[in-house]
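Each of the two complexes below includes chain A, the first together with chain B, the second together with chain C.
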Partner chain A sequence: MDVIVCVKHVPDAETRLRASSSGKWIDTDGVKFTVNNTYDEAAAEEALRLKEKCGARSVRVITVGPARAEEALRYVLSMGADEATHIEVPADALLDPLTVARLLAGVIKTLPHDIVMVGKQAADDEAGVVGSALGALLGLPSYAFVTQLDPDAASKTLKMHRYVEGGEEHFHGPFPAVVSLLKGAADPRTPTLPNILKARKKPLTKVPLADAEAKARALSPTAAAGSVRSFLLPPPKTGAKMIEFQTPEEAAEKLVRLLREEAKVL
Partner chain B sequence: MTLDLLVLTDQRGGSLKVSSLEAISEARRLVAKEGGGKVVVGLLGHDLSAAVEGVRAFGPDLVLVADDAKLRAFSAQAYSAVAARMLERLSEPKAVLAPATALGRELLPRLAVEVGGTIAPDVTEIAPREGGGLVAMRPIFGGRATLAVDLPTLPCLSLRPNAFSSEPKSNPATVVEPFALPALPPTAEAVVVEKTVVSRGDTPELTEAPIIVSGGRGLKGPENFVLIEKLAKVLGAGIGASRAVVDAGWRPASEQVGQTGKTVSPNLYVACGISGAIQHLVGMSSSRCIVAINKDSAAPIFKVATYGVVGDALTILPALTTTLAKSKGLPVP
Partner chain C sequence: MPISFDLTQDQKELQTLAAKFAREEMAPRAAEADKKGHFPEEVYRKAWELGLMNLNVATEYGGAGLPLLEQCIITEELAAACGGMTTSILANCLALQPINLAGTPEQKERVLRPFCGKYGLASFGLTEPSGGTDAAALKTRAEKKGDHYVLNGQKCFITNAPQASLYTIFATLDPAKRDKGITAFIVPRDSPGLSIGKEEDKMGQRASSTATVLLEDVEVSKENLLGKEGEGFRIAMQTLDSTRTPIGALAVGIARAALEQAAKYSLQRTSFGKPIAQHQAVAAKIANMTIELEASRLLTWRSAWLVDQGHRASLESSIAKCFSSDSAMRICDEAIQIFGGYGYMRDYPVEKYLRDAKLCQIYEGANEIQRQVIAREFLKRFG
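Up next, the complex of A and B:
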């Protein structure tokens, strides 16, 4: 079995957001990027567990990103992935998630893949689009909001749990497939020093953008995609209106009045 | 210009999600803004008669009902195949709306690829676009910023629950038609739901709840969450929690709000004894109104709050519950 995991190199969660000069994305100057975003790290961990559980042949990590995104690939290699693929795009490229999915699908189509793992959503654009779109482009079933998965290699079936509003569904479906993970079964492992050193020597293939684009066109002739018109930051919060009170009852009465008459949320 | 809209609803498990009705209402508003067009509702699933009545009350022009045992279990592949055929019933230009529930968010990207459309997930505002298509606003970075996205061709949008109002409308002209199932991909037919585990029956689902009362470590112990539960009851609210109290085993993981929990944007979020760590804020800061109750006036939660109460949650909460219950004429729990 071959497992592929897709990860995105994203700004650290604590990043202070400033608009770029184009007004279409954040200013990335001085921003720390990482793959330690909950969903992708969980997807990587689950991909490695799949390998351990059912002796997958290889786990390949793949990303679409600028040169700096190689760091994300090395990180997942140091977690234990075997090989990596880097679809390199210009540093200032603003890619619609459908475009990302097409580039990934074009390349993945040429690689052995039984299960393609992605995170529920990327920590920056939070689209949650790439997984289902990949499924459609590869002509494979896709399963999203998955919280648990167990493959049965003999019947080529995945037994899964998935989040639904108000609970969870236990279900199964065939693979090859794309799985978008909401939450992994275990905390993502932390790379050890020896593994970090080993990861430096693991194979990492660069795919030039033009190549990936040609492969994407072969799969999907239309290239419809949205484009960012503007990136907007909320006006700075002025801070809370603080309620002055002597007794809890007075606090409660003042608060209820404000919620009803000023905020109109009751 | 006119615009025809297909609204895909979510009635997984047999109950029509309120956010489906918000999507139908927004479709009607968009059609009005565009100066005409049809609102077509697609109902996919099995045993849909209650859902048909539910959507009819919101005044669509046409309801296409794909009611089949093969659609009982949700499969993005199967639903997308049916929705793509439904789209053929609309005139150009057209767009697709769905609620941004788990179902809607999984279905639309697939459909967008299969019909050559564009996509904006989890949107909070929609406007017509000069030159055709739509412009959608959607929160990113956990609600810390917003992206305006241009969707020139066949926009497919999932709508964040609570972001759009639902307005019932009687429409005697609504037509309801059964929709014949097209051939489904074999892999789609092989998806089987074995069982559904309901996490909690009596409070609203967090991601859809219009009001959420949430508690953190400042509540001092699991036994004090009864104060949160009582206030939630009077408000008809969902219950949320910080990761600290979920990790401590005081509350179930399904209640966790934040980076590793749920992203919510209710009209009112009441944070009690929650410090306001960034990982919590990214899950709730796009709420319309935020009340913070914390005994430390320097707690970061006050930076994002609309109203702040510096005090002991253990005494403020019961007072709030009593005041609200009395004002609503409810028994004090």
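Up next, the complex of A and C:
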């Protein structure tokens, strides 16, 4: 069984963001990028657990991103993936999620794949499109918001759990398939120091953008894509109200009155 | 090799790993461990699991086998979260370095490999109640009796001593011979006659444990003699030559944390209608702290780089340790000043940095002896 996990290199959650001068994305100058992409890390962890649990032959990590995105691949290699593929795009490329899915699908089609894992959405744009689009482009079933999965190699069936409103759904589906993870069965592992040093020797293949585009066209000639018109940061929050008081009782009384009469939440 | 201040991809990844470990495992426990003088063994165990301990032991014996520069990069990240915990982690490197330097392949296979293969702590026993800086005057006696040695004496201020499973102990076969009589031994914790005395209640670095090691007729087999008889002083000095630079990095980590806290606070705290960072007196403090921090890091990295290139670095490692720890004291002091009254309170983290930084001026060669070394090494150039 071959497992592929797709990850995205995203700005660190603690970075202060500014809109770029083009007004279409963030100003990436001085922004620290990270692989701490919650859902992608969960997908990587599950991919590695599949390998350990079911003896998958290989786990390959793949990304679409500029040169800096290699860091995300190295991180997952340090976690324990065997090989990496980097579809390298220019530093200033603004790719909509459908384009990313097309590039990934074109390349994945040429690689052995039984289960393609993705995080349910990226931690930056939170579009949540790539998983479903990959399924459609590869002609594979796509299972979303999965929290647990167990493959049965003999029947080529995945037993899965996912959260649904107010409960949990247990369901089965065939593979090869695309699985998008909400969270995994275990916290993502931290790469150990020896594994970081070993990861350097693992194979990392660069796919030039033109090659990936040709493969994407071969798979699906129509290249519909959205484009960003403008990118705005949320306005600074206003309207905080400070309660002045002498005693805690007075503070509580005033707070309850405000919640009841002004906010009308009580 | 040309000079480059760009970290390699490997170095960046090790830095990220250490920073993550520091943020997630060390920082949340730092205040509590400091307050209670608690030794957070679960943190050290996790550090070992991630490969962040025994950084200076060769990979063939189960260590990380890292160059000194990489060790310094990791140390700075750890120390930014807690200086005390970092000292306990580094104490393993200090204790094992005599075996790295003077151990036979048989000793490394028999002692280092099983030690590094599981979680464990080690202690370096050189200092004694009567002194540490004048190491040639140590009083712990070693007597040769047939195929073994018998050790008697006391080692004090020994990091990790209560929890350690392995000690490297320096003792003299003949005090009259001063440095020529000193001999190094590997002493396992379960050696009859080895006991742990009073655990110290320290001013800072309280997450690290420090105690006296008592040696009463401790028999050490010939197989656990490190190097030859009388080589102990040289082994100790060579060990300290290579572990001094990471102490500089440890001081840089503590100072960095203090400066970052002070910088953030100075941008939030307002007086006279503007953030205090915009008052010249405060801005100048931030500038001076930044200058000293940058200089400390560069001196530390250069010293580590020289060692990694195979050069002798007595002068540079002493400068790195001395300057970084003195700077750390000034930086932490100014951080408290920027925090004002809050800085003096235990509810805020900055006063801890000052208490933790102080030890860096004292241990692994007090800064006074570092200055003697610096002067001696420098004056050599003039005759």
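One rule holds in what follows: the second predicted complex is superposed on the first by the 241 of 266 C-alpha atoms of A that agree within 3 Å, B and C clash if a C-alpha of one lies under 4 Å from a C-alpha of the other, contacts with A are read in each partner's own complex, and residues count from 1 in each chain.
To be clear about the criterion, a residue touches a chain if its C-beta (ideal position, glycine included) is under 8 Å from a C-beta of that chain, and two chains touch if they have at least 3 such contacts.
Every value quoted in this text rests on a predicted model; they were computed, and no experiment measured them.
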First, second, both or neither for A:Asp12, with chain B first and chain C second: neither
Contacts of A:Glu52 with chain B and chain C, given as first, second, both or neither: neither
First, second, both or neither for A:Ala225, with chain B first and chain C second: first
Touched partner set for A:Asp152, first chain B, second chain C, both or neither: neither
Partner chain in contact with A:Ser78 - chain B first, chain C second, else both or neither: second
Touched chain A residues, chain B compared with chain C: B
Touching partner for A:Ile196 - first (chain B), second (chain C), both, neither: second
Partner chain(s) touched by A:Ser142 [first = chain B, second = chain C, both, neither]: first
Chain B and chain C contact sites that coincide on chain A, given as residue numbers: none
Chain B-touching residues of chain A, taken from the complex the two chains share: 13-14, 17, 26, 38, 96-98, 101, 124-133, 135-137, 140-145, 157, 162-174, 177, 180, 183, 220, 222, 224-234, 237, 239-243, 245, 247-249, 251-253, 255-256, 258-259, 263, 265-266
Of chain A, residues touching chain C in the complex: 70-71, 74-75, 78, 190-197, 199-200
Residues of chain C that touch chain A when the two form their complex: 9-10, 12-14, 17, 20-21, 49-52, 55, 59, 64
Chain A partner contacts - residues on chain B that touch it in the complex: 12-13, 17, 73, 75-77, 80, 101-103, 105-110, 112-114, 116-122, 135, 137, 139-142, 144-155, 185, 187-188, 190-201, 205, 207-208, 211, 235, 259-260, 263, 267-268, 278-279, 282, 288-292, 297, 302-312, 315-316, 318-320, 322-324, 327
